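Data first, discussion second: the structure below is written as structure tokens.
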Amino acid sequence: MDWDVIPQFLAGGLAIGAVYGLIGVGFSLIYNTSKVINFAQGEFVVYGGLATVSLTAASLPTAVAIPLSLAASVVLGGALQSLLSTARRGSNELTYIMTTIGVAIAMQGLAQHIWGTDFKTFALYSDGTIRLMGATVNYGTITTLLATSTVCALLWVFLYRTMIGKAMRACANDSRAAQTIGIRPRRMVLLAYVASAGIGGLAGILITPSQMMSYDNGVPLAIKGFTAAIVGGLANPFGAVVGGVVLGLLEGLGVGLISSDLQNAYAFLSLLVILLVRPQGLFGRAAAGSAR
Amino acid sequence: MSKTSGWSGVGVRQAPVLGILAAFAAIPAMSQDAYVLGVWTFLLLNILVVIGLDLLLGYAGQLSLGHGIFVAIGAYASGLLTTKAGWSGWAAMPVGTIAASLLAAAVAVPTLRLRGYYLALATLGFPVLFDAMIRVTSQWSGGSSGVISIPRLRLGGYILRDPLVYYYLVLGVVAVVLIVLWNLAGSRLGLKLRAIHADETAASARGINVVFLKASVFVASAAIAALSGSLYVHNVQFVAPDTFGLNYSLILVIMLVVGGMGRIWGGILGVVLLGWMPELLREAATWQPVIFGSILATIMLFAPNGLAGVVRRRSFFAPVTRKVPNTTFHRDERVLTVNEIEKAFGGVQAVTGLSFHVDAGEIKSIIGPNGAGKSTALALISGAIATDGGTIKLCGQSVETAPAFKRAQLGLGRTFQHARLIPTLTVYENILLGASVLGSATQRDEHQASHVLQQVGLEHVAQHYPDQTNQYERRLTEIGTAFAGNPRLLLLDEPGAGLSSADIEQLASLLRELKANGRAIVLVDHIMSLVLPLSDSVLVLNSGMPIIDSDPKTVISDPKVRLAYLGESGDVHA
Amino acid sequence: MTKQHHVRSARRLLAVLGLGVIIAQPASAEEPYKIGAMLDVTGGASFLGKPEQNAVMLAVDEGNQAGGIRGRKIELMFEDTKSTETDTVLAARKLINQSKVLALIGPSRTGGAMAAIPIVNEAEVALLCPVSGIGVVQPIVERKWVFRPGQGGDLSVAKVLDYAKRAGWKKLGILYSADAYGEDGRDNLRKLAPGVGVSLDREESFPANSTDLKSQLAKLKSAGVDAIFMHGLGAPSVIVYKNARELGLATPIISGHGQANSAFRDAVGDAVIGQPIVGAPVLVWNELPNTHPQKKAAEAFVTKYRARYGTAPDMFAGIAYDSANMVLQAIRETNGDPQIRDWLENNVKNHVGITGIFNFTPQDHAGLRSDALVMMIADKDGWRLADYEK
Amino acid sequence: MLDVKGLQVRYGTVLGVDGLDLHVNQGEIVVLIGANGAGKSSTVNAIAGLVRPVAGLIKFRDADMGKLDAAARVEHGMALVIEGRGVFSEMTVRENLELGAYSRPAIRSAALRRAADHAIAMFPRLGDRFDQAAGTLSGGEQQMLAIARALMSSPKLLVLDEPSLGLAPRIVDEIAERLTLLSSEEGVTILIAEQNASLGLDIAKRGYILQNGRIALEGTAPELHSNTDLIRFYLGGQSYVRT
């Protein structure tokens, strides 16, 4: 084994791990405020990326195209929440999961009509690399890591330093009690969907230039992001980021040191291990009661 | 099963399933076109998987998102053993089924200990893991290219090639599995699974080994799925790793929830509808995913229980009339001994140093203000939560580490503060579930349940579902459920709450009757008009600690009790 | 909606209810000749199936504009296989049993074709599949009814080895997609490399959702190979080139024919410039010497395809177009199976198509040789024919 | 100030509250006494807008509350401390208090700090725990935090659901004392739903006794204090007055 290529394995894992983490944050935000596992989360990523492709192809500068695409994602997120809020009595976790799977299938079909089946890309950052601790790191990776850190920082400020963010946490903690101090949980849930869709759209914008995007990328990305959220602990959005990075690094190291045949398997093997030893995730609180 | 046990009309009971099978048997009469038969054969194979999945998801409430790989295991076992090892397809079939069962058991043991959708998370990655496994073993598994030239099944010298013959072969297998599952679903096992689905704590309190049953059902559904895979592969003669991947697994669940889970015919309806939908949507061509997704979302939003959920389940069970003698226990036998038990929740001491005992034919009441630890004490004794310390003896056996269902089987029956009936079962079925606490499936249970139904005076609502009854009836059902299993010890948590004085009077006489035939009762209640006249002794808890344990008269005149109830300035006088 | 449409809908509904046979009408002399196409128009392989469908429709419409066959129209019966084996099986059964097609074209993937083989064998209907895997026509005794009229992985690998020999590369590494297409390339390379004195020093794979292949490239580099053969599908094959440039990898990367399409070329941008790629002549038809047998046919096809669909056709479209034309010719010469099969097997001799010169024999249903492929070098705008090919 | 007429709350087919009338006058402390399941929580939750009644009129400060959601009622000057306290256990004491002022978005940070200081002056124990997660507080401290948080919205009416639940008598007394002060010095009107009759009747001016979702008895605190039925209600006896 050539050990000096290990930094390269780690760098590759870090970049994609950050993206899994961003998608995982979306799962976490929505789950905590509304107890819904939103499998359409991956579609926000696809729509964010492909919308930017279309807008830049229509000769809009990226500085305009990106905010427009994010706005479109945010609108989709709000629309999804409005749709889910029409659910009838008797709905439970399972029916919400299935509803979001239905939405994901429909959105994917629609994406196929809008953008076709080819994978697409646009230029966001110039091609180029820097050497970092023995690894070649491209600008795309650096942009992704910077953007992920920025999102985390902004999210932290939002959740811990603004009144509305605190209200959202309060709602996740005890939505009944939140109502008694004037917080409207439905607005918080809407906000969570909007934020998740925005973050998902951003993840799409970040990965499309370096990794391409096609209409059917949503489900695999959603599953990886969801796995990241579970590994990190669904209750904690920052845990999801760490979970994503852990998954990414495991993938990178697994491909490098063991075999590239198993690339997709590493994430799920680690998920199984986590479920066995720490079902609440790395940073989750022990919420899962043991059945006796 | 004798004719008196609710099986009286075997024909009636089997009618729906026989009707379904007859309809499928008639399909070739309408068209023997190989394509049409081929579609129906695939639908039957999917039905096989989906009714197994229904047992898991619809009955036991456990979601498997990677169920397709069990189909794949069956398919690969048959495919590889016939092509590489020259086995007969018939011999390979059980190998796949056993392999799938073993894998299911291995996954079930760790994940099904946990509540919630942990099985779904664990199975989510199955398709990917399976795919990777096939690829690393490509020398003998065929890798991504799959297994080709898989021979058809043979019967003697006859090759099962004719689509019509194969259709009936698959239908025959479906018929066997369907009839078994139908009767299982309608049996007491079905009741138990529904109970697990609705409320695992209540199910444990009724003596159900929740983890074991969930795991068994998962294993059974995996075996059925593998069987379907074997039958598939001898028809198509080819299998690749992605044939039964994530998409297939998701579609299985979608067919089930759209059709309506927890109802065997719901799954069948889902498979047939969604199976033929692409045909109906041909004009829409590439819009199919959009329409399909929208239909799924719409059905889930507006009919969360699926299409079959629109119709209420009809109960298989009806009360019988024969009486059984009351079981009487020896008096003065020590039934429960609680010694110094403790429980803290996150630093708050909920119960401290609680000791008491109850004999057969004795009613011991526990009173105290809200939050004094009464319900916690009952939960500790019944095993719903674990103690931090102390010992509990039930009929002479130490049970402090035994799970709730074990304690129930040893003769502990309990009710919950807020009646925890199984909403998907009728009043009679709820009581029957309680009567089947030992897991026996004898007629005695049905007689016993019918008798209890009379005792609590609920015959008029026997076939009602809990949400169709009033609060008093629900309370009585809960109590009936608790003592239908002939427990030595009954723990009743606020049975009088919310009842009128007349109802309370009736409740009291029921409890007297139970006491008279030698049951030990621990009664927690606030309603002194119920507690005081009935109790042999009263234990008062305050802030998790016992302050007095004596006869009712002594207790009510004790100043400490008044202090506990009425606060420090307990100078209120009658 | 037209009346005809309603009649069709009603029949379909009845077919759904299992009554299809009752109202199925016997074929009359005026009935059109029916050929079936089952292609992966949706699902994972839609990037193959869609252009193939376009090309088959083009061929059939041209046939009809030319007056059909013996005065009768040609009707194309189409089924989407959704890139799954189960739906391929159903599509094949439907086209054979219900639509009573004379011959079948499709599906788009080797896996689907494998699943369809038992059906065409039993029904004795000729199947022309535009797929890569050689397994669909070997062993020939079990694949009598199947033809593979395209450039398979075996041809692509042979072409690459030929190129490697010319360039003096002795040690090759392979980077392949973890699917049937990629593994077919790997297996062919393992089989063919020793025969031409080239060693296969390192094998690396990537799943379809790979996002970073620097690890694989780093490992190939450290194995010290002279060149890397990249035999894969999808977005990762683009990422390979971008990653290679980021790593400053000097080792040449030769693409298999999976990349010979405009989606790849548009997405990969400048990162591929100077790298060799195996492809069909149709992609560089305007550079072909005038003596090249495909030049005229390819020019005509590309022009017509572009006029109708607005994009340039790729190699797979060309194969599907050739398949359809061979089926039409077989129908013209014969009158349904088994004669169509026999005609294809015995009468397709030096048949000049878009994608190559076809020769089928009772022993070989693969049709083309490695001269049906050309080596191209990527430049700024697209691909140029490698100098030695000119 | 608060006027409730003919209130009915239903859970599925069960009537939790069945035609209840009560009123609270400006500046009063009123107690609603009842056993478990009598309908106390249902009543106060309906008043605060957490559950939707099937029938009845709720008027607060001369406005009909029927169409308003819980948040709007808070904005209108009503604050509820729910049973089991409902502190945000994963958030700090400081954040809990800040969120108490959520319904007053216009409040400046200086005013917010003053309000928090005031709340802490009332319950000095909270001051020591300012940056601790609320979940780590003792039961009594959590109850104090819940009350302090409710006060952050400057309510005209404070509704408390079982503030004595699971607390030691000493703590209960401390809370009772604070509530009395709150009423006498700041003029906050208070409605307490309690099982602990003493806590209620010691500080209340008037009281209602609730049974089976109906008012069984009502009167001034001294009247109820001396009523034997109340004692029977807790400590036995075959019947008590039903109106």
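Every chain is named by a letter (A, B, C and D) in the order it is written, and numbering of its residues begins at 1.
Here is the rule we use: a contact is a pair of C-beta atoms (placed from the backbone, for glycine too) under 8 Å apart; a residue touches a chain by one contact, two chains touch by 3 or more.
Keep in mind that what you see is a predicted model, and the values were worked out from it rather than measured.
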Highest-count interface - the chain pair sharing the most C-beta contacts: A-B
Centre-to-centre distance between subunit C and subunit A (centres being mean Cα positions), rounded to whole Å: 36
Centre-to-centre distance between subunit C and subunit B (centres being mean Cα positions), rounded to whole Å: 52
Computed distance of Cα centres, subunit D from subunit C, in Å: 75
Subunit C residues counted as touching two or more neighbouring chains: 42, 178, 205
Contacts with 2+ other chains: residues of subunit A: 112, 261, 264
Subunit B: positions in contact with at least two other chains: 135, 286, 288-289
Touching pairs among all chains present in the structure: A-B, A-C, A-D, B-C, B-D
Subunit A residues touching subunit B - in the complex, by the definition given at the top: 83-84, 86-96, 98-110, 112-113, 219, 223, 226-227, 230, 259, 261-262, 264-265, 267-269, 271-272, 275-276, 279, 288-292
Subunit B-facing residues of subunit D, complex: 12-14, 35-38, 135-136, 138-139, 162, 164-170, 172-173, 195-199, 202, 212, 225, 228, 230-232, 234-239
Interfacial residue positions of subunit B with respect to subunit A in the complex: 57, 63, 110-118, 121-122, 124-126, 128-129, 131-133, 135-136, 200, 204, 210-211, 246, 250, 253-254, 257, 286-298, 300-305, 309, 383-384, 386, 403-404
Residue ranges of subunit D in contact with subunit A within the complex: 48-50, 69-71, 74-75, 79-82, 86-91, 95, 98-100, 102-103, 105, 149-150, 152-153
Residue numbers on subunit A that touch subunit D, as the complex places them: 163, 166-167, 169-170, 173-174, 176-184, 285
